[in-house]
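Read from first to last, the chains carry the letters A, B and C; within each, the first residue is number 1.
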Amino acid sequence: MTYPINHWYVVANSAEVGRELLAQTICGQPLVLFRAEDGTVVALDDRCPHRNYPLSAGGLLGDEIQCGYHGLRFDSRGTCVWVPGQERIPTRANARARPVVEQGVWIWAWMGDPSDADASRLPATPWFDDDSWAVAHGMEPLAARYGLLIDNLLDLSHETFLHGGYIGTPEVAESPITTEVDADAAVVRVSRHMEGVECPPFYEKSTGLTTPIDRWQDIEYHAPGYYLLHVRVAAAGVSPSADGSDADAAHVKVLYAITPVDDHNTLDFWAVCRDFALHDAAIGDFLATMNREVVLQDVKALSIIEQRLGDEWSPPEVSLKIDTGGLAARRVLEALTAG
Amino acid sequence: MTYPINHWYVVANSAEVGRELLAQTICGQPLVLFRAEDGTVVALDDRCPHRNYPLSAGGLLGDEIQCGYHGLRFDSRGTCVWVPGQERIPTRANARARPVVEQGVWIWAWMGDPSDADASRLPATPWFDDDSWAVAHGMEPLAARYGLLIDNLLDLSHETFLHGGYIGTPEVAESPITTEVDADAAVVRVSRHMEGVECPPFYEKSTGLTTPIDRWQDIEYHAPGYYLLHVRVAAAGVSPSADGSDADAAHVKVLYAITPVDDHNTLDFWAVCRDFALHDAAIGDFLATMNREVVLQDVKALSIIEQRLGDEWSPPEVSLKIDTGGLAARRVLEALTAG
Amino acid sequence: MTYPINHWYVVANSAEVGRELLAQTICGQPLVLFRAEDGTVVALDDRCPHRNYPLSAGGLLGDEIQCGYHGLRFDSRGTCVWVPGQERIPTRANARARPVVEQGVWIWAWMGDPSDADASRLPATPWFDDDSWAVAHGMEPLAARYGLLIDNLLDLSHETFLHGGYIGTPEVAESPITTEVDADAAVVRVSRHMEGVECPPFYEKSTGLTTPIDRWQDIEYHAPGYYLLHVRVAAAGVSPSADGSDADAAHVKVLYAITPVDDHNTLDFWAVCRDFALHDAAIGDFLATMNREVVLQDVKALSIIEQRLGDEWSPPEVSLKIDTGGLAARRVLEALTAG
């Protein structure tokens, strides 16, 4: 197994990165993250080029990071600016700097060749910076290969069994899906529109809607590491207006950033954005707690599968219609990894 | 190293298996065990054929087991009877069922091809179901390859050093043995008859006999996984009658089922059957406690050897006369594994 | 990676070895150590040749070690003198004995072919047995390859950054070094003489000297496993007399024995010998505590590097002038290992 590296991945939640050095391994590559004095985020390879000590075990002198072993210093571009015992600084004595973009609550880094970094390919997450949306978010470390989380998120029929009492109801597993693939854009779309169905606690307690509801799930998976679920819930029979306005429905954007740590570990960043109860802290706390529990249910289940799979990369499987989206996502990922 | 799989192995103690799903790995194969509503024991491969989630992490609906991830259901023969999102059930979507026999306190499963299962090759354990015998039993997980336990049990001279104060006395190590091999039946017999020797606490406190005693140890090892030690202890000089009756002696059958978990782990099932003090609970408790401590002494010693051996399968060794039985057992096992 | 084995290595501190069996793995070889009744130290391979049980899990009968599994007994030369169940002792049933020399607080063993053991190549440690020196010493297990500790000790510029507040001052990293290699003797010498510099707490509190001082560091590394740092500290401007006497300076010999356990673990034996305050227990305790803390700072840093390196044996590196001694040590070691 491997992961495509010429891509943007979320490497940290914004609030985690400050003047304390933060170590984070992404796509097998140890990084050290910190905020420069002007507030911009810096990401360097977390390895002193001299004797391999992690830079994250050293300290900051202004915007310079100093190795804790022999004192080499690097500026925020990773250029070595001081070595002990000599004036001349070897040209190779640098720590690679990663292109970084901070966008709302997430910090993205480009994990491939820095000269290939393409800001236009950065996924848009406008809800983080829009006053008409409120955000709850978090991150859970997942002891499983990232492909298992992609399988999981592309097939929401598991909500019925793994997340019953939270977001799962019998209708999710039973309702048909439609799947579309845009291979050029590396995007897979999976939609499930349910009419007149049970309202799960996740939406009942946050929106006040009660059974029956219309519940739409429209997934966009942007390979390799970004997943967006558009949710629309409304009283059964209430449709959007002809002009597209939809004031009588509640809308939720459930975002996941799926970031490989290594072949057997993943960072599972999640965010729940809502366009209702914007200033109701209790509902914000409820959705944060509820979604974190749902994420932890997935984390537990996927880590059990990972332990069973071990170093097996193509385990035997029988696929069903519900797997159409997940199988499409795998093909898109394979093309990215090979490409 | 490997283990012969076309054989019966004990996979659980009878009392462990009920309406809670029990996960147990045998010969590298994860199994899920449960009791159907009619009381019969079911053993299925513990893997949902859809996406590899362990069935043991799901639940029971009557006699059907339901996967906890996407809800697939399997009947007690492992046939898939429901999948989410579609009517047609893929033909390959089954969980292999293992032939199972419950016999007294032990549950045996056939670990090879189910169609080869041969009930006539199941070892007989009549003492479990005979009112003239009382049984104490248990199981200890052993972090060592199963061959080390077979070596251990086939050479009881170690009782003197590892189990002194329990069942070991100086005479065990010093008394000669006789060894017989029945290669066709895959049985090795080792006998040690000691006359006028010290009575160890294990027998002194349970039978009331005191030094000197006659003590017979007659081992039958049925490769690969069943071991039976016939013990006869009597006051020194007391022999069985000419007609075979032996009312003045105490008899014990010490049974072991030796079940490989994987290359480095083993289940060490044990039972002590006696034909005396049948209704004396204190003596039953004493023998259970004593034998468990003896088993734990072996478990500790063998796990130390396993740690030293690591992935070495044919470590250097110097063999002695006492190893005749163990070496014969290895040859029988090699033939079964190759066969 | 590997280690040269035809050499003497320190295997234990003298006080650790008595009538209790001590298990210690050296150069990948498990050893059992004990003191015979006449006080001499015995080192045998910690493996019963019969069935691989560690002899260290057995016991002593006088000067004989008895296996705890089947009772085989070995004398202090490793010759088997008793086996169970037979009179004849197989000729191969021996535990290899290692040549051992006890010298002051350290016990050395020859890890290569015993017949090659050459006492003349044993490093001299005269300060351990000389009343004009006082000794503080200890050992810390290090979860890192031994080469990382050799790198560390040959380049003391790291004292400034890793051991600030203990023995590091800014001048250590900034002062030039001289390096000499005696390839035939497998000795590398690195010297750094600092004049009029800051006195670190380690020397200030033990000698009473205050800034500024003259501070000399003269390293002798005797590959593979012995390191000797000659330290001279004196008030700035105080030089040794023309006749070599140097009564107004304080002298410290900092000794390290660097003993590979396996590819990823090392025993870090250390000793601090001083020619001042010989009978001042408080100063002895201070130096012991202080040096142990310095050793633990190295242990922590090197184990972090080891975790990062994993199974990588030639990680990318950029070397500096300060590495001249360490690089010379690596070349000497490579020649020893290949030779």
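The working rule: a residue touches a chain if its C-beta (ideal position, glycine included) is under 8 Å from a C-beta of that chain, and two chains touch if they have at least 3 such contacts.
No experiment lies behind these values; they were computed from the predicted model shown.
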Size of the rotation, in steps of 5 degrees, that lays the CA trace of chain A over chain B: 120
Equivalent interface positions on chain A and chain C, same or different at half: different
Whole-Å separation of chain centres (CA-atom averages), chain A against chain C: 49
In chain A, residues with contacts to at least two other chains: none
Complex interface listing, chain A residues touching chain B: 151, 155, 157-158, 160-162, 173-177, 301, 304-305, 308-309, 315-322
Touching residues (chain side chain A, partner chain C) in the complex: 30, 47, 49-54, 57-58, 66-71, 83-86, 90, 92-93
